[in-house]
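Got some structures for you, see below.
Here chain A shows up in two complexes: once beside chain B, once beside chain C.
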Partner chain A sequence: MLTDTPRKLTIIRDGSDKVFRGVIRAGGSVVLIIMVLVGSFLGYRAAQALNMAGWSFFTEQAWEPDAGKFGIAAVIVGTILIATVAIIVALPLSLGTALFITEYAPRQLRSFLVSIVDLMAAIPSVVFGLWGFFFLQQAIVPVSRWISQYFGWIPGLGVTGVDPTDPLATTTVYTSSTFIAGIVVGIMVTPIVTSIMREVFSQTPVGEREGALALGATRWAMIRNVVLPFGQGGIIGGTMLGLGRALGETIAVYMIISPVFVIQPNILQNGASSVAALIALRYGESTEMGLSALMAAGLALFTMTLIVNFGASIVVARSRSGAAS
Partner chain B sequence: MNARQKFVSSVRALLAFLLTAIIVTGGSTAAVAADYVPISGAGSSWSANALDQWRRNVKQYGMSVNYASTGSVDGRNQFKGGTVDFGVSETPYGLKDNGVVDELPTRPFVYIPIVAGGTAFMYNLTSGGNRITNLRLSGDVVTKMFTGVITKWNDAAIAADNPGITLPDRAVVPVVRSDGSGSTAQFTLWMATKYTSLWNNYCNAVGRNECGQTSFYPTKSGMVAQPGSQGVSGYVAQKANEGTITYVEYSYALKTNFPVAKILNDANYYVEPTASNVAVGLLGAKINQNKNSSMYLTQELGGVYNSKDARAYPLSSYSYIIVPTTEQASFTAAKGGTLAAFSNYFLCEGQQQAEVLGYSPLPVNLVKVGLEQVSKIPGADTSKINIAKCNNPTFSASGENTLAKNAPMPDACDKKGVEQCTAGTGGATGTTSGGTTTGTTITGTTGGTTGTGTTGGGVMGGTMGTGPTTCDVDTGVCSNVKAIPVATTSNGWAATNWIILSVIIVLVLIVVVPPVVVTYAARKVR
Partner chain C sequence: MATTTKAPVSTNALVGVSRKKRPSAKVTTIHPRGEFVGVEPKRTLGGIRIGDLLSILGAAVAAFALTIVLATQVAPITGGIAFFVVWYLTFVGLYALLVSIDDTKTFVMDRLIAVLVTSVAVLLFSVLIFVIVFVIGRGAEALPYLTFYTEDMGLAGPLDPLSVGGVAHAIAGSLIQIAIALAITIPLGIAAAVYLNEIPGRFSRFVRTIVEAMTALPSIVAGLFIFATAILMFGLPKSGLAASLAISVMMLPIMIRSADVVLRLVPQTLKEASIGLGASQWKTVWNVVLPTSRSGLTTSIILATARGIGETSPVLLTSGFTAELNVNPLESPMISLPLAIFQFVKSPEPTMIARGFGTAAVLMLLVLALFVIARIIGGMTPEKSARARIRRAEFFGWFAKTARTLTSIARRRTLNAKEPS
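Presenting the complex of A and B:
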């Protein structure tokens, strides 16, 4: 009786192949090595502060490293809140923009729109910060006030310390808030999210598109049944990448928020916090202990961003493009 | 053909001319610039407006000076760490702040005073639609506003300082610095010295045990914290942020066209931090004259706070540049030469512009010792230092401070207890508050005969129309009662809220329902 044994494959690579593989491998491992080095540097510098604070580092809200009283409870929550607002702003905006560019815009306009969106990504963060502080803040305060007046009963949208029926009530309680910082960051991450989504949408197989249209689907039905399922991975991946950037956004947030070191769940109210903005605010004026504490906060942010990005890549890998269609 | 040739040749001539011009000018600037190398500094945003002007001015000599106004504490730390060639700070090294002593840098250094100025209280307040520009405050009231004791602008204590203004029932929103700041240090030192118990009570209440002078303002809810002088002044200057008040150098109020509060001095006069009032105030400053001390030339301001001169502004102070006295690491003799030339410029010629910018020029004694310190910078070209050519407005043959000597006495209406002056302050000069003129000119009239249209009452009546106008007998301010736009709904859940909610629900349904129905119907057919 003959049994089939798989034929042994021998791969013979020529020189250029080997060089190429070598270069690619080296590139990949350098990225990993740098990540590990950054992480261990942060860990090494943070050790002093972490030893001193112990587990209270995760539960303490105040930030007074020189008094030995510091923790990331408030700043991490603040960072997540700002990033959440940013994603809520950025997701619909970039989904719409990407769909319009790939599906609806006239062909002549398309490349122009693409370069406009890419140009937006090149605007420095500080410009967004200035714009947010000097222009957007004044414009958005009435909106914040309206939302808190009518939807203040929803947890997180309320504002304390102001009577909405008093015409002389100060509007400063609505400024420098998580909400405003979140909107600015959302607009900042929109271009990158848009370009990833656009890239994936434009790769939808033409055959499937034409098939859907041939079966009598309207353009919107085609988008819903072909483009969106195909681009699911791109939507999630782009959003997560945007979230990663939103978590680490520094200067714009630093310029807008009025830093507080208590957990501030009311996103419309004055006072917000973020790890990156805290580091920008304090690194230049810290003592050795303060610097170590900032490194520890940076380490926490670094870990969180890594988790988000790994989560994104897992999600993207699971929902392989086109798998759902 | 001929015409064309002519044209071509004239273009050529022009090009040749331009080219030579470029080469000549380029060559000449390169020759000047060869003496100087770029230097960089960081620190105080209090004195940043003056430094920025001086930096622009010395560009013509080929000097390139970079300066980042990141706050005094950052400036001191960066100088200590050796990342900048010079630091700028209002406070010296070696002070204890929040329980930590700021250690002296290991590199040898000296302090040089760069400019004087007043820490002003810039505010954003309107009454009856008109900006208030002539507010007066006494020291304890300021302290109480920044420590949460006084929370409303119509508080009796503020009203007592301002008999001529009708103050609105608005919340006082103190805007403080979020970064480590020399302005904060100057302000808290003043509060800690003059109003010790008020300041200490506040500090203890917000959980800071060690109080006194601090560069990091302890905040409580209701306050707004912003980074940098640009941040706090920019925040107050936003139109919607009414009721805000901040401490910032006078120049920022001039720059943003906002008024500053006149502060009561120990001679019972309310004064503005103008160049001359600051110069008078600083006559009371004690300068450390011990050349061997690490604090040589630093200031002791107790005498300024308690100055009995009617013109003295109590929150006057000097700002200092911190310069290295040895070559070390990245600080070469070439850099030292540039830094010395720049220092020579601002101590001498630069002082002429101080007043216009909102600062006060240095007196002759400080310029003299300052120039002595400049010659200690390695690579300094001492031959160019000549105090006789300074043309500083404070100098005089007798050594007296001309600016302080000739400072005008405050107006009679600036005296405590007298109805206040109507002229504007700070960057809001020339405008007189309408609310104020109403208050001073029409007392006790009824029936709204305010008329003229420039006054607060007149504007109100003109725009709001129909309702009966009533004038307060005590203050003389007229208001149109019916027309004040007050939201009439109670705090609770009213009909309008239901309407808005249902509109939103309907909108959501319009978007969501059709696709769902279509999908469902399609499935059924299948």
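Presenting the complex of A and C:
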């Protein structure tokens, strides 16, 4: 009996195909080259500064590259503090809004709200910066004072140099703080986080939802037992992507904070710092060494956002979200 | 079918409405086969019940009254924010109390969460709308002047009134910079995205990983890169071109990533059908893949554009500041809208600040316009656009037919008119 042996398939490509493949391959390669160039140039220039500063780059708080005394201890801590405040603001807001859009909003309103959220994600950050600087700066002072008055004993929420119980004390100590910058950045990243969470929540299998409801679950019980476990990956991933955006945010932070180059653990107090704002502040007056130092700071920031983003994509990919049951 | 089972409890749970004590809750009527039961009335599953509405309103009013009592008699509550917070907490507490009078703990929880989720959403939307209204409101002073859109700031000093000078230079700068950036990113980005999908392999996986990593690049670092290479190393002046390059570096990964996702959604069967009919890969991409994903690709381009046009930090380092209109991207500084905002509000003069807010309103309008275009195009499926094409063809067909009829009538008329003579 004759058996059919696997045949070798040869692909004969005509001229246009060869050109086409060549062109798109070139496109992909050019993109790769640009991206690798950015990364390696950053690394190369940063290495000069890192060589000079050594390990003190991670422990030094001051930023005087021309005197050979510079480090990112203060700015990195500042960046992380601002991003933390931002996420504390953004997480409940976006979780609630995403749930509202997918579960509670009237059906006719849903697609409209989705458009609004997506549109808000496209609002330029400088607009939020304007709002933060001209409105929130003043409006938040009583809140800051109240928090420092009653919760000042918690480390990080105290304010030095002013007695919070004294009603006549100066209020300038509460402006330009990590807290305000964090709130602005938080509101800025909320639409993006909301949009990711909503996307994942809306993919919850209808069968499981209806199963829970048919078993007599209330709406909240259904959400807690079906939607939230299903959307867990989306919640974590979306939050991490928002965190990545918050870490790299420049202009809104730059407009609000008054930069300091010491570690400022009191988030309610005047004076904050962030890597991106440092670059925006110092790029102009930089010497060769100063620029390398800024590159090193930029590289540190990039490494952080990179880890956060990759973490987010791994979490989203591993979770059940997106897979139908 | 004559068998009906009434199970009001489950329907109530289905829509989250609840009443513990319902007289019919325990009654299940099973009608014998063949017996006429009449038309079963349609039950409403959703909607708002008057009782729920009343308990929410009641709790709100009671909380308001209680807060006033607290504020005036018990403890001083100063400021609107504090008053609102106290009112809200009292409201939630009272509402829980009201619901718990005739519902179980499970339902109280359900109601409380519904109220919390709704108020969080209302809070977010009102904050976002407030941000926009605030910015437009502060800029409203500058917006009515026609000169705001037609003049630059070359001859206008910080003390000049709003009727002198405008942001034409920034609008032109933004449009030129984004045009150059798009001229770079669209061909490169789409080619790279097609490459990732059409030639899979180890290398394209590597490219995809790198592109994904680059979406994490903070925009200020992209600006710093162009500043250090193009401007300091290659001696390019601070100019529109340098700014466009910085925006391109920032936009490219964003665009490739979303275009990649869109291209991946093209059904494999469509591609296979095309190849099965003997089309080459190039023909398949050109005639099947790209047309199918056209609306998605356009959306991804427009959304990347919206990001690029609003980003301040890469431009801050690369474009330089100017108060005059400059349409040459190759030399001398060229300001863009976000940078102009940043520059205006640095000034302590109220008119300059008003200009800054006005510029922000213009920028938001631009982003909104891009977004609306993206929505319209993005909402267009191949099916819909084909239908639109058919409608157009039908319309033109009708038009041509009518025209033919009209001309033939006219010709007949002229013939008729000629005949008697």
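Throughout what follows, the second predicted complex is superposed on the first by the 282 of 325 C-alpha atoms of A that agree within 3 Å, B and C clash if a C-alpha of one lies under 4 Å from a C-alpha of the other, contacts with A are read in each partner's own complex, and residues count from 1 in each chain.
As a convention for this text, a residue touches a chain if its C-beta (ideal position, glycine included) is under 8 Å from a C-beta of that chain, and two chains touch if they have at least 3 such contacts.
If you're wondering where the values come from, they're calculated on a predicted model, not measured in any experiment.
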Partner chain in contact with A:V206 - chain B first, chain C second, else both or neither: neither
Chain B versus chain C as contact partner of A:T172, first or second or both or neither: first
Of chain C and chain B, partner touching more chain A residues: C
Partner chain in contact with A:F134 - chain B first, chain C second, else both or neither: both
Which of chain B and chain C A:I12 touches, first, second, both or neither: neither
Chain B versus chain C as contact partner of A:P259, first or second or both or neither: first
Interface residues of chain A shared between complexes with chain B and chain C: 133-134, 255
Complex interface listing, chain C residues touching chain A: 9-10, 13-14, 16, 18, 78-79, 81-82, 106-107, 109-110, 113-114, 116-121, 123-125, 127-128, 131-132, 134-135, 138, 187-192, 194-196, 198-199, 203-204, 206-207, 210-222, 224-225, 227-229, 232, 249, 252-253, 256, 280-283, 285, 303, 306-307, 309-313, 316-317, 338, 341-342, 345, 353, 356-357, 360, 363-364, 367-368, 370-371, 375
Chain B contact footprint on chain A (complex, rising order): 62, 64, 66-67, 133-134, 137-138, 141, 150, 153, 161, 163-165, 167-172, 175-176, 224, 254-255, 258-260, 270-271, 281, 284-287
In the complex, chain A residues that touch chain C: 13-14, 16-17, 19-21, 23-32, 34-36, 38-39, 41-42, 45, 92-97, 99-101, 103-105, 113, 115-116, 118-120, 122-128, 130-131, 133-135, 139, 142-143, 146, 187, 190-191, 194, 213-214, 216-221, 223, 244, 247-251, 255, 276, 279-280, 283, 291, 294-295, 298-299, 301-302, 305-306, 308-310, 313
Footprint of chain A on chain B - complex, ascending: 42, 70-71, 73-74, 77-78, 98-100, 168-171, 173, 178-180, 207, 215, 219, 221-227, 231, 234-235, 238-244, 484-491, 493, 496-497, 500-501, 515
